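Two complexes come next, and they have one chain in common, subunit A, joined by subunit B in the first and subunit C in the second.
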Partner chain A sequence: MNKTIKLDYLARVEGEGGLTVRLKGDEVVDARLNIFEPPRFFEAFLRGRRFSEAPDITARICGICPIAYMMSSIQAMETGFGYHVDGMLRELRRLIYFGEWIESHALHIYMLHAPDFLGYQDVIKLAGDFPEIVERGLKLKKLGNDIMTLIGGREIHPINIRVGGFYRVPTKNELNSLSDRIKWAREAALETVRWVATMEFPDFEQDYEFVALRHPEEYAVIEGDLASNKGLSFPISAFEEYIREDHVKHSTSLQASVRGRGAYCVGPMARININFEKLSALAREAASEVKFGPGCLNPFKSIIARAIEVVHACDESLRIIEGYQMPEMPSIDLTPRTATCYGCTEAPRGICWHRYRVDEDGTILDARIVPPTSQNQRAIEDDLLHFVRKNMALPEDRLAWLCEQVVRNYDPCISCSCHYLKLKFERDLDGDI
Partner chain B sequence: MDHAFKTCGFRPCGPRGAIVLIGVGNEFAGDDGVGHYIARKLKAKDLPGTQVEFLNGDLSSLIEAWRGKDSAIIFDAAKSGAPPGKIYCFEASSQSVPGRLFTQSSHKLGLAEAVELSRQLSLLPSYTVIYGVEGKSFNYGVGLSPEVKNAALDVVEQVTRYVLGGEQ
Partner chain C sequence: MATKKRPKLAVWKFASCDGCQLSLLDCEDELLAVAREIEVAYFPEGFREVIKGPYDISLVEGSITTAHDAERIHKVRRMSKTVIAIGACATSGGIQALRNFKDVKEFARYVYPRPEYISTLSKSTPLSDHINVDYELRGCPISKVQLIETVSAFLNSRKPNVPSHSVCMECKRKGNICVMVAKGIPCLGPVTHAGCDALCPTYNRGCYACFGPKESPNTGSLSRWLGERSGMKDKDIMRSFRGINAYAEPFRKESEAHE
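Right after this comes the complex of A and B.
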């Protein structure tokens, strides 16, 4: 007799997809993300458009991390045409990107992930018992929004960012107006690290291959080469030589893997494992205080990794503002040329890779975009499979709760590529599937 | 005026303290722009004691907009399957918001969550009213459907009377 147990426990992560764990007797045989999000055709939309339109078009892929898409497409066009934007314009790009990190990480830590660990159905229930903590999260998130608004014109799908720079750059005084709040945020971020480190983490580790950008001088965000903790090291232009994407029957999202090796993991855990020594001194101290650092293979502790990155983001934002001198020109002029253009930056949830072919007039001939969540899909499935195997003895409702956490460990971006809705256990009581 | 306004929880009495009028939505997505449309019309009237905000529905921005205010009146597009132009009106300060009516993303957290979270944190103005206008088309582009625009103008008229204290 076959039995299907449906559990709608993923209420805080809605969308057009599901999760199925198949059990044969007491053995877990399969864990799948069933993504049936319709194709969104962004790569097709880009064909025939001007290179300069790519940032504004790709920003619409996501309302949470538009900066990641804009910056990856901008980097692609600029490097493809032989330009490198430096100085204060580069610093402003890093600053607005940190705004996105602060906003996105605060949202996930406080509103989406913390309730999992503390046994609350959602942040509204959490706020009933811990109002000051939730208020802190809201203020942090709002600061991230406001950094994005000041530099980008608005927080969602900013309108002030272009290939070559910006349409308008802020004055020194405008940036200074954020300083006191960022100083507060840096302290709040340190408190966040201490708070999340006290949470109870399931005993679970995976032998991940972490992949992140690496830069010789900084905690890589807006540029770098790609590296893994298992020896990979290659320029972003070689991404397709090392990474493949496959269509699987149960998902409309392509699943990425390292060629010949399999699943890999991108995002805060990957960045900290690969680039720990490039974090700001304060962020490293915060990590040390809670005994967190490279070598951590417990995906549930990604909430600590995010909190440490908020410390770094605040610290670097202050440093950028202190050293800011308003550029004479808000952007540089570019002349397009025939090129294959590559861009890759670190979205809050991992590398966001772009490739464009552009003709001599600057018209996009074709495009390929690999968002972070599609790169994490296999790692999520692997985690689920092994986590359920290890915890079969748990009551089913407790196990389902934890499986949700397994998914949320990755902060999957439903706007970008994956939607989850239902967790379904299919149990074959007779041993047949 | 043949819609739900007359039966809503809106109390047509004079204004009390600082009022924030908040248009929510995306004016580049067809009828999702109705909240901004209403707010823009009200801003043009320069009603006494009011502040007008234009927001996209982000949780923390909503909460900051009504933090410290005595009254908040919020306008957003509804998507419930009702005929286009139907007006919903809730006194959110005394009842929970039916989140299913409004465009929402659980990742982003929207209007309904912002209201409930504010209630928990004692940040919700003592008098908070939410208007939802049922949309017809949420496709890319600027401009409202005719029936949505008509309903929006009804809302503008009613809110104006409310703020001016003319409807006792």
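Right after this comes the complex of A and C.
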């Protein structure tokens, strides 16, 4: 007897997608993240463009995390040409990046992920029972957007970010105007940590290899070397030596893995596992209050990791604003040169890696971009396989709900890499059930 | 809960970055109020539950780039009383329409190790090439204010108050000093549809036309200015028009004239 249970759409992820879990009798034989995103060929049409166009073009890969793409391409060009933008311009870059983290994490925690834990179809229904909580989430999210808008001009595809710096830098007063609201947000983020920690987490752990940027002084966001909890440590220029990408038939997004080892995981869980001691004191306190920290291998608890990162982002944003002095020039002048340029920054969902080859006029000859979700794809499939294996006894609709949650643990930004997935169970029932 | 029947809204995605539909979730102050007036019947980015069509309003993000999507958009049309195309992808083919000037097979070979797994059309096209569209909202991304205005206009059977003049008008109204005249910064504002409130010039930057061409733009005249005043070479002028709205006809023609 064959039986197929099909859930057509994986909702509440950015982009659309689905999964196939194939069962034979009581054995889970296969778990796949099916990706049919119509390819958009960014790397192909970047060839022939000016280096200075890369940030605005690559921003369009993802409307949820445009800053990540802009910053990775900018870092690539600047370091490739032999420049390092420092001081207040660097601080402003970190600030706008934290704006994106706050917005994206609040969106995922409150609107996409929390309804899973609490048994609601969506945030509007959640708001019906918990209006104050949802309003707090929306207000946090809006603050993240407002940081991006103040510095970047708008929150989606900001226009004020360029190779070399900015077109216009904010005055001290303009930034100060956000201080009170960020102070409120920091408190709201602490409450968020306490709130998400009360949720019920399925008992499930995986032996992950976490990969994140590491920086000697900072909880790495805009630069660093790459490191893993299993001993990897290499400069971003060596990414392709350590990481391979494969093209599988069921996905238009390439799947990344650590050479010779397999799946790895990027994003908030990876960052907290690798860089915990670099979080702000308040964020570390918040983590210890809810007994969360490095060593956590339960992917469902990524919602706590995100909340702790919001505390850190608010804390650091306030520190940046307090120390801000308006720079004399909004950007540095750059002269391009023939170079292979590498960039890698921490998008809300994990490392976003870029490589460009540029000629002496500054024309892009070659481009390669590895978004975070394509790096998590294999880990998502592994989680799914093991989770279903462990929870076969659950009623099918409950299992399906939890499988969706397994995917949402990664806050997959499918539009970056993939689109239109289908979640279905294919069960070949042997025997006489 | 309101007792009267609420109009049903659906949000669809084709080839895109998700940014325009995110604009809806970015209406943090309005979202809960909007949800009281409108039934969000289909919006997978934010809502798990699917309420069957037909729908009163469908907001459609993204361009048509696959045979499958070319069929799917007709289904969306059949299920929807009003179809509103949102954003540059849906109204002009978006940045992925840069393939339209090249060989897409070469693109597939370049990006994918196994191009035989990839199925795609040679061109990325706007919705209006495939179906009758009731309204087009421009921008990469769209403006939240215009989105709410447009939805509310359709629900109240009135014309949306969305100006169709150029970005230059917005600069004048804001009192911006013209970046092109005063500083020689190349700016596509004179030929670009309004809607961003002259964002780039306000930030000391030339407009890069993310809202696409305004009605009857004089692109040839602007190109002469870009060449003479800003010292741009033909290939730079070509690249300026060949951006986020490359396949919108006036921009396509102008870029081809400088190829």
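Here is the rule we go by: the second predicted complex is superposed on the first by the 419 of 433 C-alpha atoms of A that agree within 3 Å, B and C clash if a C-alpha of one lies under 4 Å from a C-alpha of the other, contacts with A are read in each partner's own complex, and residues count from 1 in each chain.
What we mean here is this: a residue touches a chain if its C-beta (ideal position, glycine included) is under 8 Å from a C-beta of that chain, and two chains touch if they have at least 3 such contacts.
The structure displayed is predicted, hence computed values, not measured ones.
Steric overlap between subunit B and subunit C is present once the structures are superposed on subunit A. Look at A:V29: by the touch rule set out above, it reaches neither subunit B nor subunit C.
When the two complexes are superposed, the chain touching more residues of subunit A, out of subunit B and subunit C, is C. In the superposition on chain A, A:V123 contacts both subunit B and subunit C. By the touch criterion stated above, A:N145 is placed in contact with subunit B and with subunit C alike. When the two complexes are overlaid on their common chain A, residue A:M326 makes contact with neither subunit B nor subunit C. Contacts of A:I133 after superposition on the shared chain: neither subunit B nor subunit C is touched. In the superposition on chain A, A:D56 makes contact with subunit C only, not with subunit B. In the superposition on chain A, A:E155 makes contact with both subunit B and subunit C.
In the overlay built on chain A, none of the stretches 81-89, 99-107 or 225-233 of subunit C clash with subunit B except 81-89. Across the two superposed structures, the residue set of subunit A contacted by subunit B and also by subunit C is 11-15, 63-64, 107, 111-112, 122-124, 127, 131, 134-135, 138-139, 141-142, 145, 154-156, 413, 415. Subunit C meets subunit A in the complex at residues 13-20, 22-23, 25-26, 28-29, 31-32, 35, 40, 44-50, 65-66, 68-69, 94-96, 98-99, 102, 104, 106-108, 110-114, 117-118, 120, 124, 140-141, 196, 199-200, 202-205, 208, 210, 236, 239, 244. Contact residues on subunit A toward subunit C in their complex (touch as defined above): 8-16, 36-45, 47, 49-50, 53, 56-57, 60-64, 66, 107, 111-112, 115, 121-124, 127, 131, 134-135, 138-139, 141-142, 145, 153-157, 159-160, 167-168, 245-247, 249, 252, 254, 330, 404, 413, 415, 419.
The touching residues of subunit B, when paired with subunit A in their complex, are 56, 58-61, 63-64, 105-109, 113, 116-117, 120-122. Within the complex formed with subunit B, the subunit A residues making contact are 11-15, 63-64, 107, 111-112, 122-124, 127-128, 131, 134-135, 138-139, 141-142, 145, 154-156, 413-415.
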